[in-house]
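Two complexes, one shared chain (chain A), two partners (chain B, chain C).
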Partner chain A sequence: MTEIMMNSLNILAVGILLASLMAMTTPRMGQLIRIFTLQSLMLAGMAALVGYQTGSEHLYIIASIIVLLKVFIIPRFLNYSIERIKVKRELEPLLGIPGSLLLSAAIVVLAYFVTEPVISLTEVITRNCLAISLAVTLIGLLLMITRRKAMTEVIGLLMMENGLFLAVISTSHGMPLIVEMGIFFDVLVAVIIMGMFAFRINETFETSDTSILKRLRY
Partner chain B sequence: MDYSLFIISTLQFLALLVSAPAVVGLIRLLKARAQGRRGASLLQPYRDLRKLWRKDEQVSEDASWLFRVAPLISAASVILTTSMLPVLHVTVLGPGSDMILAIYILMLSRAMLVLSSLEGGSVFGGMGGSRDSMISVLIEPALLLSIFSLAALAGSTELSSTAQFISQGGYLIIGPTLILAAASFCITTLAENARLPFDNPATHLELTMVHEAMVLEYSGRSLALMEYSSWLKLTVFITILVNGFLPWGISSALDPLSLALASLAFIFKLILALGLIALLESQMAKMRLFRLPNLLTTSFTLALLALMAFYIL
Partner chain C sequence: MMVSLLLCTPLLFALFCALAPSNRWIGRLSLLGLGLVLIQVLDLSYGVIQNGPLDAGMWYIDDISVIFLLLMAVISFLVGIYALSYIGHELHEGVLTPRDSRFYHVFIQLFLFTMLLVLVVDSLGLMWIAIESTTLASAFLVGFYKKEESLEAAWKYIMICSVGIALALMGVTLMYASSLDVFGDSSRALDWSVLKGVAATLDPTLLKLSFIFIIAGYGTKAGLAPMHTWLPDAHSQAPSPVSAMMSALLLNCAMYGIIRFHVITEAAVPGFSSSLLLGFGLVSVAVAALFISITTDLKRMLAYSSIEHMGIVAIALGIGGTWGTVGAVIHIAAHSLTKSMLFLSAGDIVQKYGTRDIASITGVLKSIPWSGRFFTAGCLGIVGLPPFPIFLGEAIIVYAALQSGDFLVAALFLVLLLMVFVAFTYRFVPMLGGDSGLEPSPSPLSRLLPMGILLIMGLALGLVLPGPVLEFLQDVAAQIGGVL
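Our next item is the complex of A and B:
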């Protein structure tokens, strides 16, 4: 029973990592949002499975909040924003797709080596996911660095947050419910503010390319 | 006992050899049906081969002996690889079933194809050859890494042993490593056999062709051999895919019942894989040549992750 559980947890964890990698390969906004939705869905599944395995019921609540927030509300809001500022595609990324994929693979290896001493110390069922959560966080950061449109950077930030949440689930089976609620609320507010901000950037500069923001005058 | 092993391995080897044109015919038929056409019969590739076999051969004045020898070496190396595959039973006729060896024997066939494409002295040939070498350079690491992750999982690079290990390993073996490696191998199968997102097998005399450009100068029996070896190569790759990564149903006993079940399972998996290829090819457009590295790096990353997942998880 535990083995099936562990196997499905591993498959979900690798699926989350794979979603991050797929986000590196696509320049299309709509596809990026769909990938983020899928990743959040897998994260919710993982939270529910860990909740079932460890018997901590508040993880069910958290899983349902993830579904509500990151699968329905935030993707809808993102879609609405890209509709409004009319970005469909990313500009040419600063690093080509093969290069960024190879870099992400290197990040996965690095994350494994960094977390290995920690992994060997713990006994929790989800300990393997720590390396993956670090990798997902760093790949989210890489996505933010290599892309130039404001909306892609929002998605990169959300993916980083998914990685951090994965780390929370895998090391300590979730934080106290009230802290989690606070974080979710923060994320929601942050996304709304960033969406507004992207809209303002677009209105002021007539583009949402963030690389021109460093100039004083457009 | 040894005698019956020999018979069954010979039979499965011959069955693969004979069914290679039907495999391609089935892809074409399914593709035609998916696109709302009636399509040619399953036997059409056999008729094509018979027609080509009876025709005269034209050889360019500039071509050397290599041009004549290349189809023979190419076909021989693919046939040798075919003899190394377990199909219904885990025994093989050929020299073991080591996958690294099999892949590099297949590379010999590809090297011959590229060299002979330069022989005719036509511009198309060299262009196709250079494109094909670019694709094959990008495929090779992904292909080997997916084989390595299979080998790490099952503890052997022999396809017979991995098939036996995975099919008897129960449901727990279906983990991230196997899924990722299979996904990576699917992409490389399409690339290695010049199927759709990489090369359109239905084009002839177009600027985008890769495989067709290389065999453009061939005619008659040499063309028949070239075509046959490319079809057989597709069959070989699909067999590695279904027997290496989803080997459930392969038999390790010799009684008639389990062999019958194994052949049913194999035919079912084969038709499933062909149907998927046909569906994919009717949905997808050919990718631009300079975007191919993106897809091939994706395949490489999948295989690398498969290997990493084996050690991390």
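Our next item is the complex of A and C:
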């Protein structure tokens, strides 16, 4: 692998991680969607580069689906849903920004620690990527837990999935194409259904703050 | 080809139900679809039992999938009969509109399609997609009643399960990475039929990490504590026939996914996945025992009991060996049969009393005599009294634990079972006797028939356990854990 290729893969991987950290610090909904779009774009770039480097042509298809789905369709749908349910622009996190960042840093360290024994075995391309993908996945989960709005939970889930795709692309150069297509289809349908439910929650409770969903206990 | 036809049936009938001219036709078509699925599954299963695994392209059906497929086809058909009368009653009362009824039948077919897909695919990646689709197809059925509580339940269901499933994808990826090391670049590297042959040569570190993600992910969907929080909400808010299907069939699908990964991991790293299953199982039974004793809602109580039984299955798989695995398989079947009957009779109770509050339900045996009797039988069965099949499953599991020398596990298991027994009995006995002041009403035959058949099948399993069935179960056990 050439030096340039190596560097650009690493830069993209780090960029994806940084996007996740930025998502933890942003106080605004619109910005959060833009960060997600940027992250997806970098993920698509990653897929294309790995495809070029390993000669697996189906990764180009994956890259273009990521661009189509996660850079164009889903962000538009999210923006549209936000317009429609008139979410307040502020996110009102349950956990403050410094606390969120501190926890995210802990997650990154943990991810490197857990993947250490695996990393030493596998080939060069996956060195950083597996740890980073694990970190991105767990930070996405943290985002879901610490934010209260229905739509932020959806974005947290999407960011988790970006982390997972990074793992898929870097460790195994993509799964069999039919599996990948199925995963994309599921993601799209899931986001649409979640959007519909978010809309119904907003209609029924007159807010999209999911922390009021506390009727069901025991 | 046969499998594709089987999968197309519910999809086609979903379309038919969506287009059917009148309400009566929707119900008939829906039931016809379920019946056709049942016939095809019987035919397929017979073929597999006679001739060994069916491996055709994307599809792979072996003895393990046959057990789950049979349970699925039989129970969904019986629940389908019941649902006609249940939904009809709600329509009559004006709780539902004809549009809701159409919606219900369309989504039941789609839900069945996704669950069947889980059981017949060969690739573990496609199985992941199918399990995620079961969540998507059933989310609308959980939020069916459009009330505030059902909306909350549906939201929690889809979010928590999607997160869980996302974690499981990480597990699938790691499994794929480990098998690529063996196969090189191969489109079949995720196929179970190929993987099980090379399981022992896969990379142990990757597999361990993979199984942790799998049990966290599919465990969420199977209702293992502490990832179970969506389950009581979803099961209590869904219409009772859907609760029966989720509890008796959907949880099995997730457990099936865990079993597939467990077999491979156990072959490569003996003892790792079984101890994880044992741990999660014991925690689940303990958590369920606690919540059964404090919940005030009838259907939530049954839902917690499902968590308990999934925990017991996990414990049995964790104990392993031939008898542990036979116990697990019998327990899965016993739980599906008993719990679906229990949810159906509970559906009658809830419709009659108009409440799910345990304290305000009394005199069940008097006000709905026949459903009340089935409810009583179900409760006695679910707490594990003989001659009901759950007793058999639990007895075999205890035997397996003693035989493999896990005395601590056996003791802990018995103590937890006793706790559940006391808690559950304390809750259900007061509901049976006394007088509710409600006019006694006979239940229609279309409701009693499915419950009766479920009871008879359960008793046949618990009392008779025909010789060929036991042999078949031992074969399956050899395939799942016989190497141990």
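One rule holds for everything that comes next: the second predicted complex is superposed on the first by the 210 of 218 C-alpha atoms of A that agree within 3 Å, B and C clash if a C-alpha of one lies under 4 Å from a C-alpha of the other, contacts with A are read in each partner's own complex, and residues count from 1 in each chain.
By definition in this document, contacts are C-beta pairs under 8 Å (C-beta built on N, C-alpha and C of every residue); 3 or more make two chains touch, one makes a residue touch a chain.
Nothing here was measured: the structure is a model prediction, and the numbers come from that model.
Chemist: After aligning the two structures on chain A, examine chain B and chain C and state clash or fit.
Modeler: fit
Chemist: Given the superposition on chain A, which partner contacts more residues in chain A: chain B or chain C?
Modeler: C
Chemist: Quick one: the Cα-centre angle at chain A between chain B and chain C, nearest 10 degrees, please.
Modeler: It is 150 degrees after superposition, to the nearest 10.
Chemist: With the two complexes overlaid on chain A, what is the closest approach of chain B to chain C, counting only CA atoms, in Å?
Modeler: 19
Chemist: For chain A, which residues belong to both interfaces, chain B and chain C?
Modeler: Of chain A, no residue contacts chain B in one complex and chain C in the other.
Chemist: Would you pull the chain B residues touching chain A in the complex into a rising list?
Modeler: It is residues 171-172, 174-176, 179-180, 293-294, 297-298, 300-302, 304-305, 308-309, 311-313 of chain B that touch chain A.
Chemist: Taking the touch rule as given, give the residues of chain A at its contact with chain C in the complex, in rising order.
Modeler: Listed in rising order, the residues of chain A that touch chain C are 56, 114-115, 117-118, 121-122, 134, 137, 141, 144, 150, 153, 157, 160-161, 164, 167-168, 171-173, 175-176, 178-179, 182-183, 185-186, 189-190, 193-194, 197, 200-201, 204-205, 210, 213, 215-216, 218.
Chemist: Enumerate the contact residues on chain C facing chain A in the complex.
Modeler: Touch residues, chain C against chain A: 123, 125-126, 128-129, 132-133, 135-136, 139-140, 143, 146, 148-149, 151-156, 158-159, 162-163, 166-167, 169-170, 172-174, 176-177, 180, 185, 187, 189-190, 203, 205-206, 209, 232-233, 236-237, 291, 294-297, 300.
Chemist: For chain A, which residues are in contact with chain B within the complex?
Modeler: 3-4, 7, 10-11, 13-14, 17-18, 21, 25, 97-98, 101-102, 104-105, 108-109, 112, 128, 131-132
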